[in-house]
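Following: one structure in structure tokens, then a few remarks.
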Amino acid sequence: MNAVFVLSGLGIFSLIAEIFNFRRALFPIVVLGLIASAVLLILDWNTGHSYYSNMLTFDNYAVAFSTGISVIALLWFMMSSDYFHNNTHVTDHFALVIFALVGAVFMVSYSNLAMLFLGIEILSVALYILAGSKMKDLLSNEASFKYFLMGSFATGFLLFGIALIYGVTASFDLSQIAQKILSPESETSALLYAGVLLMMVGLLFKISAVPFHFWAPDVYEGSPTVVTAFMSTIVKIAAFAAFFRLFTTCFSPVSPQWTDVLIVITVLTLVVSNVTAVYQHSVKRILAYSSVAHAGYMLITLVSLTDISSGAMFYYVLAYAVASISAFAVLHNVAGEGDYAIVDSFNGLAKRNPFLAFTMAVSLLSLAGIPPLAGFFAKYYIFTVAFQAGHVGLVLLAIVTSLIGIYYYFRVIIAMYLKSSDKTESIAVPVLNQILLVICLIVTVVLGIFPDMLINLL
Amino acid sequence: MPLNYYIWLSTALFVIGVLGVLYRRNIIIIFMCIELMLNAVNLLLVAFSAHHGDGAGQVFVFFIMAVAAAEVAVGLAILIVIYNNTRSTDIKVLNKLKW
Amino acid sequence: MTNPGLADYLPIGLMFLLAAGFVAVTMVVTHWLGPKRKTKVKLESFECGIETKGNARAPFHIKYFLVAILFVLFDVEVIFMYPWAVNFEEFGIVGFIEMILFIALLLVGFFYIIKKKALEWED
Amino acid sequence: MLTAVLIFWPFVAALIVLALNSNQAKGWALTASLIELVLSIYVAFQFQPTAEAQFEINTPWIASLGINFHVAIDGISLLLVLLTTVLTPFIVLSSFNHNYEKANSFYSLILFMEMALVGVFVALDGFLFYIFWEMALIPIYFICLRWGGINRGAVTLKFFIYTLAGSLVMLLGFIYLYYQTPGSHSFDIKALYAAGQSLSEFDQRIIFWAIFIAFAVKMPVFPFHTWQPDTYNTAPTQGTMLLSGIMLKMGIYGVIRWLIPVVPGGVAIYGNVALIISVIGIVYASCLAIVQKDLKRLIAYSSIAHVGLIAAGLFTMNKLGMQGAIIQMVSHGFIIVGLFYVIDIIISRTATQEISNLGGIRNIAPVFTTVFVIIMLGNVSLPLTSGFVGEFLLINSVFQYNYIIGAVAGLTMILGAVYMLRSFQQTMLGETNSNTRGFIDLGTTEKLVLFPIVAIIIFIGVYPAPLLKISEAAVDNLYTIISSYQALKGQ
Amino acid sequence: MSTFLIYKLALVLAVFGITLLVAMYSTYLERKVAAFMQDRVGPDRAGPFGILQPLADGVKMFMKEEIIPNVSNKFLFIVGPCIAMITAIMAGVVIPWGNTITIGGETYTLQIADINIGILYVFGVVSIGVYGIMIGGWASNNKYSLLGAIRASAQMISYELAMGLSIIALIMLTGTLSLREIALMQGGGVGSDWNMWNVVYQPVGFLMFIICAFAECNRMPFDLPESETELVGGYHTEYSSMKLGFYLFAEYINMFTSSALMATLYFGGFNFPFQNDLGLDPNLVTILGTVAFFLKIGFFIFFFMWVRWTLPRFRYDQLMNLGWKILIPLAIANVAITGLVKILVK
């Protein structure tokens, strides 16, 4: 809980730092603050406290996810350091990002629907601005607008769902809702199902599952690369964790009513996103569709709930996030700002900067799920979970789609190692980014070789 | 008044908002439709809150209003930036990225 | 919280009907009574006798927009203070400290917009 | 412990080589692979020819999923490990007259590959096996992608997805079996054997196909072979050697270790199907080999034919077939590496691999011709070459199984003779032409590679007993598992 | 029920009539006060002392030609003043004009609607009034009008914020949003708990409120939206006939309502000193109270005019700076100090 205060304080500090000309000192302070919040979060481990009359609960699930978010955020800051350096609104962006993190922490630790809503909004509103932070660039504007539009649209659905559930259960508290749903005298009415479905729709928008995904590629492409990286990692983690928390703790009693729907959506997500990704030319769009696809894989944990599904999901999310961050970091270095990198711009990267090419290859392999990298185990756990729940067909489909996935990930790899480009000058990579890439590399490999550490946490 | 009336009314408002978002081409009208959706929710929450005799629903409405204000502020800011770049508020100008 | 019946609001409705009716009737009557001698010049928009140039609905200065947005934001924050103020005694010292925190955050934002020169009118 | 060293030394070496600069990489890679060779020979001398798996390591790895780091060496493993460790130095050496750019990554990948291959051959945990199996795919993919020939992007991707798809289905099969194991589930080989054998017949059929497809793609057996000729053709010679010499054996090893004992019931039912498609593959591939105009493709198809025979022998489920398969695996490994090296030499000197463009090399390069003759004869299984021992045992076992199929399978020798001799004749005999005029005889490094290979081919052909002895106990053990299962079913 | 309805209807009619009447005569008063300040006579032709002047003005408004410019948006052009007028009238609904009157055992409250959120209602209705100005200015399609309308809106919303904040300190003291309860609280008489007018406890709050009220009504010194020298007529440049009348009228009604509000919130409403100590009939006290209330209102209306003819107009940046940078922080400080004092006292 203290971490929330630290993060909020950090955000406020960043906000007013500009006024006092603290820009230079800001970056180290933010990094220290993030580390501090991660440490504070870890101290909450196994305490399971609830705060503010049960608005937030820092159980192990919440602690694990919010620590994960802080760590990913640290990596993200390392990645985007140079982006911040060349920006006139540096402190604003810092503040927005940190507030978004606060929102993300809310989203993983809420035990009241109000906090879910607030978390989502704190996160989203900050991101709407970040997405459009290239003010003169129409593409960025457009991305920002579409993100805003779809975000608020989704919020509408979410809220309508919340309202209906409140109508049935007279409470916003997760445990009370669950009790009301369970209690024999409450006839589970059509309103409840409608509410559950509407909330599902709202959250599916947020995690960009098919058929609510259409905004994601546009937004990802138009936004500045670092912001896209933020969206596809931290936002994804938070949104999915929130989704998972809601449906496992709250709506599990009525799971027969929503599981089938979710299965359909999972299937659609897996197929559509992977197939569409094959036809993309821009690396950012490929990564966007890949993130949609990964949402599909994560959804598998939700439709097949067993005792290890939350652990599997956590592992998946982390493996995915680390690999994505490093992929985006490479993209950021290769394409730079203002360049909407198509696959061809990776041509001959292996010659121009072997290190970048290598890390990109490893990240993509991890995303594709090739052993022994973390991405493979992530998929593996999910398949195991699905197997346990008896969704063999789903597993088969997931395997087929991940094969399709290999195809488009490998297009980039092929471009890097195979094709030659007229540009031959080598690419200089900032030191922080190098460190980041090395860390991501190590984490991806180590997580892959010793997955047990994380899986048993939850 | 029976609760059902409120439910139907707010559902109707909500659906109008949704359709407006989907079909209208002017960005400002789309914004208004989103507000309509949120207000439909507010109405519903207040109705349920009165029905249950529980204040939580009304507090939630406060939250929604506050957040909606923030959202609108950001949304309009985005709109202004777009307008400055394109001199138009028609959603058709936003076609650089394909859907 | 007591739920006021609809009856409490009925007179307001009455007043509205009355006001609206009055306004509508007046509008119709003046329209009917007044002379109608339209000329081209009379129907032009007023521009001190010069011919109108350009579109009147030109975009206005961003400051006005900023003020509107800031108003919306701060106004909504103020909304939170009303229920608190009404129940000030109930909430006691804890509630007071919480609200001071809330206000402090609000002031941070306020300070920020002032320093960002969002409220400077002399360019 | 020794097993772990055997697995991880190449990995460490790979990292070291990666850190070196390109000029030094060659020598260090060779040294590293020789050290590995010495290690494996030491293991071979320590090895007791009993059925027991030796040098066992069994520690928990991912405890929550019942996955252990379980490795050990028995007769079959040892032979294949030796095959790997012996061939790798040759492969490294064979590259000495090439100047690959980024040589450090190239050799690093080869060593990494060696690690994965050794791992595959010693793993006794289903999951670990799968991991090593896939890990072998990554380096070879990058070798082909980076240093391969024309159109390598598409070809290697096809290869990658093809094999990965196969192995994912296998993984699915393993997961299914995993859930059949009692208690807190386990991927250990014994548990999987028990789980597989206790399955109903119907389930065994499904699992059979799930696992078999992975191996069939890797070997490759008709009709899963379509990736192979293209890939062999496109890959750099060293890549082709790795693929054909060692990697292909992974599939056969998998059938021996992970298919037949796991689902003997499924094998009993579908073994004949597998056998028949293998035999069809033999004839099909041989016929295609005959009409090839390109040397590399010709050898690629010949490889399919030989592997088909090995598979056919395995699925006869008799001891003779298994013994033959093991011998033939080793033998084929050396022969195919030798052949590809020979072709590599031809290509590097004449800049062509079209059979019709060549001719008359014999006149100017007698040593080379002699070496080629011996290796070629090994490939057509002439007595006194290593090829003969394996093929003889295999064809014999197929004959015992069914003489008609046996007869068809026997075609492999005849057809093999046809295409090999024809290609030999066209490339080596006749008049020299503009392409072959400047053909220089073997240099030192080439001799260093080819002479030992030739020696091994002849040695095994003359005196195959050590190989048989090493693998005998393990094969017996395997056979016992199958026959006891069949006895159980028979009751 | 029906008596209730009839009574309310009567009250509605009465309040409506009084509102209009007061507004009408405010115009007269304004001119008279202006004349007095400037040592002139003011209107004196229509009736004795020109007392019929407002009526004459009204008739003139009715009979004038109605001009709707070609380039304007006709529908919105008409809607604008209507909104302004309706909202102005509607704001008076929750004002407690007096205490209760008991006739034949039935108790009647001299208030049209005693709702528990009276203050919020007033704010809500007044905010809608901004639309009237904005729509009118925009629909005219004239640069002066638009600029005037925008200025008016910016000014009104800025001061609405400060006004809302300044009231919070008051609500902390009273603990209710009902105007009637607030008024009653100030009538305890000497010696009882809440006897004093709120202005004693909230002088700063009142000061801020009255400043904001000036700005809300677009009165001098804050009448920039219609500053004749710069913007011709501000948002109603294009208006004529009764539509112009509505805008002007709305302004006076707003002034009346603001005065009533100030009297209720800070100056005891319908209470007058010693009302409980005189031993009079409650009904009589009520009537006297109502009279007192109107006197207070009258004073504030006069005050409005007094200020108008005394102070010069602000510059726009001064206006906005006063609203945002002085009043808002001051109001927040007021809230904090009030809370602190109240907690300490308890």
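In order of appearance the chains are A, B, C, D and E, and numbering begins at 1 in each one.
Throughout what follows, a contact is a pair of C-beta atoms (placed from the backbone, for glycine too) under 8 Å apart; a residue touches a chain by one contact, two chains touch by 3 or more.
Here the structure is a predicted model, which means the values were calculated and not measured.
Taking the definition of touch as given, a chain qualifies here only if it contacts chain B and chain C alike; those chains are A.
Minimum number of contact steps separating chain A from chain E: 2. In this assembly, D is the chain whose CA centroid lies farthest from the centroid of chain E. The most centrally placed chain, judged by C-alpha centroids, is A. Using the mean of the Cα atoms as each chain's centre, the chain most removed from chain B is D. The chain pair with more C-beta contacts between its two chains, of C-E and A-C, is C-E. The distance from the centre of chain D to the centre of chain E, with each centre set as the mean of the Cα atoms, comes to 95 Å. Put simply, the C-alpha centre of chain A and that of chain D have 43 angstrom between them.
Rounded to whole angstrom units, the spacing between the C-alpha centres of chain B and chain E is 33.
Rounded to whole angstrom, the centroid-to-centroid distance between chain B and chain D, based on C-alpha atoms, equals 65 Å.
In chain C, the residues that touch at least two other chains are 75. In chain E, there is no position where the chain touches two or more neighbouring chains simultaneously.
Within chain D, contacts with two or more other chains are made by no residue at all.
Pairwise chain contacts present here: A-B, A-C, A-D, B-C, C-E [touch as defined].
Remark: chain C residues 105, 108-109, 111-112, 115 touch chain A in the complex.
Considering their complex, residues 1, 3, 59, 62, 65, 69, 72-73, 75-77, 79-80, 83 of chain C touch chain B. Residue ranges on chain B touching chain A, taken from their complex, read 3, 7, 10, 14, 17-18, 21, 27, 30, 34, 37-38, 40-41, 44-45, 47-49, 51-52, 54, 56-57, 59-60, 63-64, 67, 70-71, 74-75, 77-79, 81-82, 85-86, 94, 96-99. For chain C in complex with chain E, the residues that touch the partner chain are 2, 4, 7-12, 14-16, 18-20, 22-24, 26-27, 29-31, 33-38, 42-48, 52, 56-58, 60, 64, 67-68, 71, 74-75, 78, 81-82, 85-89, 92-93, 96, 99-100, 103, 106-107, 110, 114, 119-122.
Across the complex, chain D is touched by residues 308, 350, 354, 361, 365, 370-372, 376, 380-381, 383-384, 387-388, 395-396, 399-400, 402-403, 406-407, 410, 413-414, 417-419, 450-452, 455-456 of chain A.
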